[in-house]
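Below is one structure. I have some questions about it.
Which chain is which? They are A, B, C and D, in the order written, and residues in each are numbered from 1.
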Amino acid sequence: MQHILRLFILLVGLFAGAGSYAADAAPKLTTPDDLGPQIEQPIEFPHFRHAGDAKDGGMQINCMYCHTYARRSMVAGIPPVQKCIGCHQSIESVRDKPRIQKLFEYWDAKKPIPWKKVHDLPDFVRFNHERHIQRFYFQQDRPYQEVCGYCHGNVKAMTVAQRQKPLTMGWCASCHQKDHPVSANSTETGHGPNDCFTCHK
Amino acid sequence: MSVSNLLENWSKFRHTHPVDDKGHPDWEAYPSDIKWAMSIDLDACTGCNACSVACYAENNLPVVGKEKYSHGQAMHWMRIERYWDESAGVGEFDADKGARFLPMMCQQCEAAPCETVCPVGATNHTEDGLNSQIYNRCIGSRYCSANCPYKVRYFNWYNYPEQEKVWPEPLNQQLNPDLTVRTKGVMEKCTFCKQRTYTARNNAKTEGRPVQDSDVQTACQEACPVGAITFGNLFNPESQVAKQWKSQQVELTKEVQDKDEKEGNRLRGYRILEELRPYPSVMYLERVRESAV
Amino acid sequence: MGKDIREDIAWAQINKDVLKSLESPRKLYWVILLVAIAMVGVAVGCEIYQYNVGLGVGNFDNPNVWGLYIATFIFWIGMSHSGTLLSAILHLMHADWRKPIYRFAEAMTTFSLMTAGLFVMVHLGRLWQVYYALPYPSERWVWPNFQSPLLWDAMAIFTYLSSSVLFLYIGSIPDLAICRDNIHQGWRKKLYSILALGWEGTDRQWRNFRITYLTVACFLIPLAVSVHSIVASDFAMSQQPGWHVTSFPPYFVAGALYSGCAAIITLFIILRYVFRFEEYMTLPILKKTVRLTFAIAMVWTYLNCIEFAATWYSHDEAAKAVLIEKATGRFAPFFWGMIFCGSVVPFALMVKKWQTSIPVMFAVSLLLNLGMWLERWMIVAPTFSHGYYPWTWDEHMWPSMVQWGIVFGSFGWFTLLFMVFCKVVPSVSMYEVKEMVYHRSLAKKKEEQAVKEELAAKGAN
Amino acid sequence: MTENDFNRRDFLKVLGWGGTAVALSGCGNTSIEDGKETVTSYVTLPSYVIPSISNYFNSTCAQCEAGCNIMGRVREGRVLKAEGNPNSPINRGRMCGLGLSGVQAHYNPDRVRQPLLKGEAITWDKALGVIADKLNGVKGAEVAFLTGNMSGHVQALLGNYMDELGSKNHFSYEAISPAVLRAANKKAYGVSMPRYRIDKARVVVSFGADFLGAWVSPVHFSQQYAQFRKGSRPEGRGVLVQIEPKMTLTGANADRWIGVRPGSEGVLALGIINALGKAGLAIPADVAAASKAYTPERVSGETDVTVEQIEKLAALLKERTPSLVLTGSAAEGYAHGSQNAAAIALLNRVLGNIGKTVEASASVPFPQIAPTVGNRASLVSLNDGLAAGKYKVVFSYGVNPVFSAPAALKFKDNYAKADFKVAFAQYLDETAQAADLVLPLESAMEDWATVVPEYMAAPEGAGSAGYAQMSFRQPLMDKLYPDTRGIGDILLALLKQRKADKYKEFDDFYAYLRSAVLKNKVALGGKATDDDDVFWDETLSKGFVPMKGIAGAVSAKASASDLRLPSATADQEYPLRLIPAVSASMRDGRNANEPWLQESPDPLTTIVWDSWVEINPKTAAKLGIVEGDIVEVTSRSGTIRTQAYLFPGIHPDAVSVPVGYGHEAMGRYAKGVGANVFAMLDAVFDKETGELALNETGVKISKTGQRVVIVKEEGPVGGSQAGKKKIAVQVAADKVDLSKEV
């Protein structure tokens, strides 16, 4: 009977080991940033210049000034060329920079800029920017850079945007499991929906 | 994530049912304030097929063609059934009072037979009372369809978008970007136009108000030329669908409706195969035929 | 009636006879092997086609979403049961006639399970995502649905398969050691050396061996019963007419033992002929097996009647309609074929003259197997084409050549595995035959002693 | 145009495939990707366009002549779906399957993409040059222009063009048209298309008018029907009686379907009048005289309707007023079709429905945009002209006579006699294939037009009597194929060939249309002081403009004096009457290449992707035919082979084959599907209007020995519920109190 006991202990040990591995394998919000590849864009757009802090020479423009649809649509949207020109036609000082010249080339030719998509979720996933912005920016009153940064990382320090977060299902779910305060001054908390149907389309 | 989560996680699938483990309905336990439901007035329904075509247009359903249709592989989430009166006996058809039409789609059962049997949990109950079908989770065991009493689940027997090329350029530009185009090997079915209910909920939430009838229409309801289909939140007493269910004395959580019917005042509401206790979310209203002529 | 195993056969003779079966095969062996490979080739071709194009090529439709694959899956699962019956249950019951034949029966168990497992794969719409059904801790925070009988099924089969492989292997260790000691060159020597795990036949080894063997045998019996009960719950747990039957688990288990016994008779006859095992696979053993089969056939028939009666007496109109459809609809030939093969043909097993007639038993066992395959098909198909909802009833669905091809190939796959096994592992358990002979000769000696003593006593008088 | 003004077409460009990409293969891309997909931003974007949120542009459906007002759902420059315009008095936000399939006409893979001269692709300049060449020296009388129903500014331009050519040969042809109805209505009520008020009637008796399926304006009538069926209506739930030899969709929804012997509808109408008189209703003297001979017994013998049934019907009509009697194609498709229609119209007069449920309608105040309605008589006269070699240049637009003309006319051969044939076509259909020059048209979702519906539905409330409307069709997205052109643009180009000066101010049809509309701002509901741009934008965003129409007046002048209803005669050689069935989705077959329509089952037989012949089970038993037998249906003019379907809703003397199938060209979804029933129709005409009598063809049926499994939605038990009582439940009206229903 000793042998059976040994076998039993072995099996229990295996299962416990697997379980504890699982506990460790679960992604946490604090996992080190998983840097995606550097992507070549038609124009090397300097996010840090536009959105960066003043001390780093940035202009601290709100993300949603350009990605204006984020608060009212599923997608954040890439600004139309018109939007870039709107400011840049009156900023003479940088007019000769090669990137700006390129921009004006597109504008003059009335051609759209073929940006590469950096944060590209699988086709069967629905991510709603509006909901997240409404929840954390408007309702909970968090700073916009933090809210956008939950998923997009520290874009204000980047030139061309680069993916920093895993964007995997477990990563999404780990935040949806967490209790967040429902508004700025509330002790009441709530978590995101856990229906599969909410995010899978 | 740990072993304890194993038990916790899967049990969540069931807790959205208003029907507890002993089979007793329990509304109080319902996890949200929305329960989508439908009612279809068979007296108004003319069987014209507009709802079915609208469903094709809205939900990216593939047109399978004659050969596959002949193999019973059609993908119509909404099918129109045509019955005859059988006054002289079963199978003896009588056309004197016209035909009977019945639009049949997923009944979004509250205690759905399909949900419990899926080995991977690809179909489960949502908080707003739908049977969800998660295409990417589906491994194609087809057990759900095997256990569906209405047979309203449709399986992708082929790779329609890519190999069968059912949307030759430029027909593919018509595809609705709000939902996926399913590939081979996954089950699919009516979702009560989930993309629409989702948008309605989203907009209502942004505006900080509950969902109203005017926020959402399913594609079939929107098209129906005679307005036979009513859809809405059963929990909202102001919604048309809730009023109809109430006036017909049909309750979601009962498998046998004890109606207060007087002589000459039959209530028309009924649910199909209710006695199997799936608690379907679609109420049909009986067709009426004049007897004076 | 032939003779039973001679008690005075020498142990060396046993070794020699059995090991001969591992030597270079006869031509017939190669012919069978090639046919089997060809059959597997057909199935693989069909599966590749189906995998690439989609399950539609099998002529599945709505509502006939399951077809031959599930039916044949149950058939193979069922066939596995008798191996366990012979090797484990009869082992515990000290029925020594099982000893020469249990090894191949156990192998049959393993291989039919391996075949059945393939059908689970073949059946899936998205085979490449099959790992979703495994309960492994994943990044996605999701587990399979433990409510689903299909998941229980997968787990049961996996457990059963691993246990029977273990059982088969443990039981073969002493024989593998004999092989190691008797074969002096080549890769086989190495293989046997590794597999024999350093078996030397010491008393301690024998003691440990017996305990282990007994433990696994005990472990296997509830598994065998549960695995087919769980397969039955795939159907019984659903809500469909014709499936939602409480008696399904025992019915399935009985059916499983039945088809397994029939398969054992078939293989018994083939092995006996191919490897010239007349000495060991004797006709008395065959007779015992045949009688066992008959008993199980009657149990199965009884349970069949119960199922029909229960359907009839219940007020479930839909289930009744399915039964009537089976008996009178387009499935009628298959339904009555099943009744004939499953409940009428077994009476041939009770004809004494035929019990030991090789050709008759061969034919009968094949018919029984056919009947049992039809039974599985009759469980699966009619419920789909005649379910709750009359609008979706179907009269035209017929499995395509792709489905038939894969079913056909599965028999080749099983044969292939079995043929290879017979050339690698002794298909008659040498050490147990030796035990059996020893015990019998002891008994005989005792008897002779007693006679002698009696005679002596008489003589003394 | 100013800098800031935008050409809307720019923003309808398909650009945003990325970003909110269509999930083309749902489970294909299963991973998170970086930088693989391109998300193209717009150059400029009006504020109302938000990616991932749909914009709705109002337009007008072109799938049938009802002209429902629709909204195109547009996202990222692609039109995804047509939905009903809720403000429309026609369809009130609803759609039919045919209308919904309009997007498939637009995205159809089989559209013609370049001008084709004898099958070879050429440029537009060259194509227009060829037309100019060919017209050179041709007299106006030698040019013919064949169209379907026309209305609005395209028609106005066409009229101008015909004037420039000096031709009066504009033929307006519709294969399925209520032409007899128009003539009969004109005679009986004084207007050709009165407003029917099904919603006001307590009883509707319809003689073969498939108003829920394919008759006149089905979505509008479905709206009325929905009201009519409501138990909570003050009049209570209406009763619908359908009298027709072959059950239509409307018949399938009737409280009582009466399978009358084909052709005897007029007799039955007079029989009902007779019975009404007996039941005590005051019948005008002339009508009483006309109906005197039609005693219920005699009528019963001629129509196969029992005396009891006739009396019950009369009692019901007498008791429940107002009622409405409709006459449709099933009653009109005979040599005596006009007589039938006149007899049936008498019922409305007798019952006092005229003015109550048959109301006057209004017409638009601009005759040049008022609808020109098509009929089959015009095709006959074109055909005669072609046969006589009268026409050298023939234009055709929007019609497919080579497919839909009865074989007995030999239209294809006569068409070939014309020197030069130009087809404006969206598909390479049979007529386009027979033409010398094919000019590719824009789809109805790409071009501009105005539409005036023939059946002028009105909104509820005051002022509805004089209500008329003009609907706008506007592009819902950018052109799919740059080399297609709208009919308006083509006509404008052709006009410029003849009179460049007069039209030089108009760059394109859009400019012409805009200026024409703005010129009449006041008549179209605007004020003279309104800003042009604002008025134009508002008009477009509404999708249609109401106008003060010229109100007609209905009069009960139906006369009974000259009714001549022949008794049925038996045809020994061709004993069965062929009824070509017009289904709601297939109509005359012009939309046959839209896969949704092919795949959506016929409501009554549930058959898909093929044609069939409906046979009464009794007749079939006599002929030894079972379901799925391939049979030959033979008439004096032709033969088709198709599958037999046993159908309880058809008179034993009749068989029915759906029209619209059997295309030999047109595209991948239409070609070779089913058999063309037009090809076997006899050339029999209504004696008064000269219309082709669709139901006048006698046929015989023979088995070929082949049998197939019919591809259809219903299962082997057909329409049986197999003893299950709670699937599709029906309840008698007296068992249920509908008045308080929600």
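Note that in this section contacts are C-beta pairs under 8 Å (C-beta built on N, C-alpha and C of every residue); 3 or more make two chains touch, one makes a residue touch a chain.
Remember, predicted model here, so these are calculated numbers, not experimental data.
Enquirer: Pick the chain whose C-alpha centre of mass, unweighted, sits closest to the average of all protein C-alpha coordinates shown.
Expert: Going by the distance between chain centres and the overall C-alpha centre, it is B.
Enquirer: Would you mind telling me which chain pair, A-C or A-D, is linked by more contacting C-beta pairs?
Expert: A-D
Enquirer: From the centre of chain B, which other chain's Cα mean sits the farthest off?
Expert: C
Enquirer: Can you give the whole-Å distance between the Cα centres of chain A and chain C?
Expert: Roughly 56 Å separates the two chain centres.
Enquirer: In angstrom, rounded to a whole number, how far apart do the mean CA points of chain A and chain D lie?
Expert: 52
Enquirer: Averaged over CA atoms, how far is the centre of chain B from the centre of chain D? Could you give it in whole Å?
Expert: Computed from C-alpha means, the inter-chain centre distance equals 32 Å.
Enquirer: Approximately how many whole Å separate the CA-defined centres of chain B and chain C?
Expert: Distance between chain centres, rounded to whole Å: 44 Å.
Enquirer: Spell out, as numbers or ranges, the residues of chain B touching 2 or more other chains.
Expert: Answer for chain B, listing residues that touch two or more other chains: 1, 70, 74, 81, 124, 135-137, 179-180, 186, 273.
Enquirer: Could you pull out the residues of chain D that touch at least 2 other chains?
Expert: 20-21, 23-28, 30, 52, 709, 714, 717, 720-723, 727
Enquirer: Find every residue in chain A that makes contact with two or more other chains and list them.
Expert: Within chain A, the residues that touch at least two other chains are 19, 22, 25-26, 72, 122-124, 168, 170, 201.
Enquirer: Counting only chain pairs that touch, give me the topology of the graph as line, ring, star, complete or other.
Expert: Contact map by chain: complete.
Enquirer: Which residues, counting only chain B, touch chain D once they are in their complex?
Expert: So the residues of chain B in touch with chain D come to 42-44, 46-50, 52-54, 56-58, 63-66, 69-70, 74, 76, 79-86, 90-91, 93-102, 135-136, 161-162, 166, 168-177, 179-183, 186, 219, 222-228, 240, 243-244, 246-247, 264-268, 270, 272-274, 284, 286-293.
Enquirer: Using the touch definition up top, name the residues of chain D that touch chain B in the complex.
Expert: Residue list for chain D touching chain B: 14, 20-28, 30, 52, 75-76, 78-84, 91, 93-97, 100-101, 103-104, 107-109, 212-213, 218-219, 222-223, 225-226, 229, 231, 237, 239, 241-242, 247, 249-259, 312-313, 316, 480, 584-585, 595-601, 603-604, 606, 608-610, 617, 648-649, 668, 673, 709, 711, 713-714, 717-723, 726-738, 740-742.
Enquirer: Would you tell me which residues of chain C are touching chain A in their complex?
Expert: Interface residues on the chain C side: 137-141, 208, 211-212, 215.
Enquirer: So in the complex, the part of chain B that touches chain A is made up of which residues?
Expert: Answer in residue numbers: 1-3, 12, 124, 126-127, 130, 132, 134-137, 178-180, 191, 194-195, 198, 202, 205-206.
Enquirer: Quick check on the complex: what are the chain A residues that touch chain B?
Expert: 15, 19-20, 22-23, 25-26, 72, 122-124, 126, 128, 130-131, 134, 170, 193-198, 200-201
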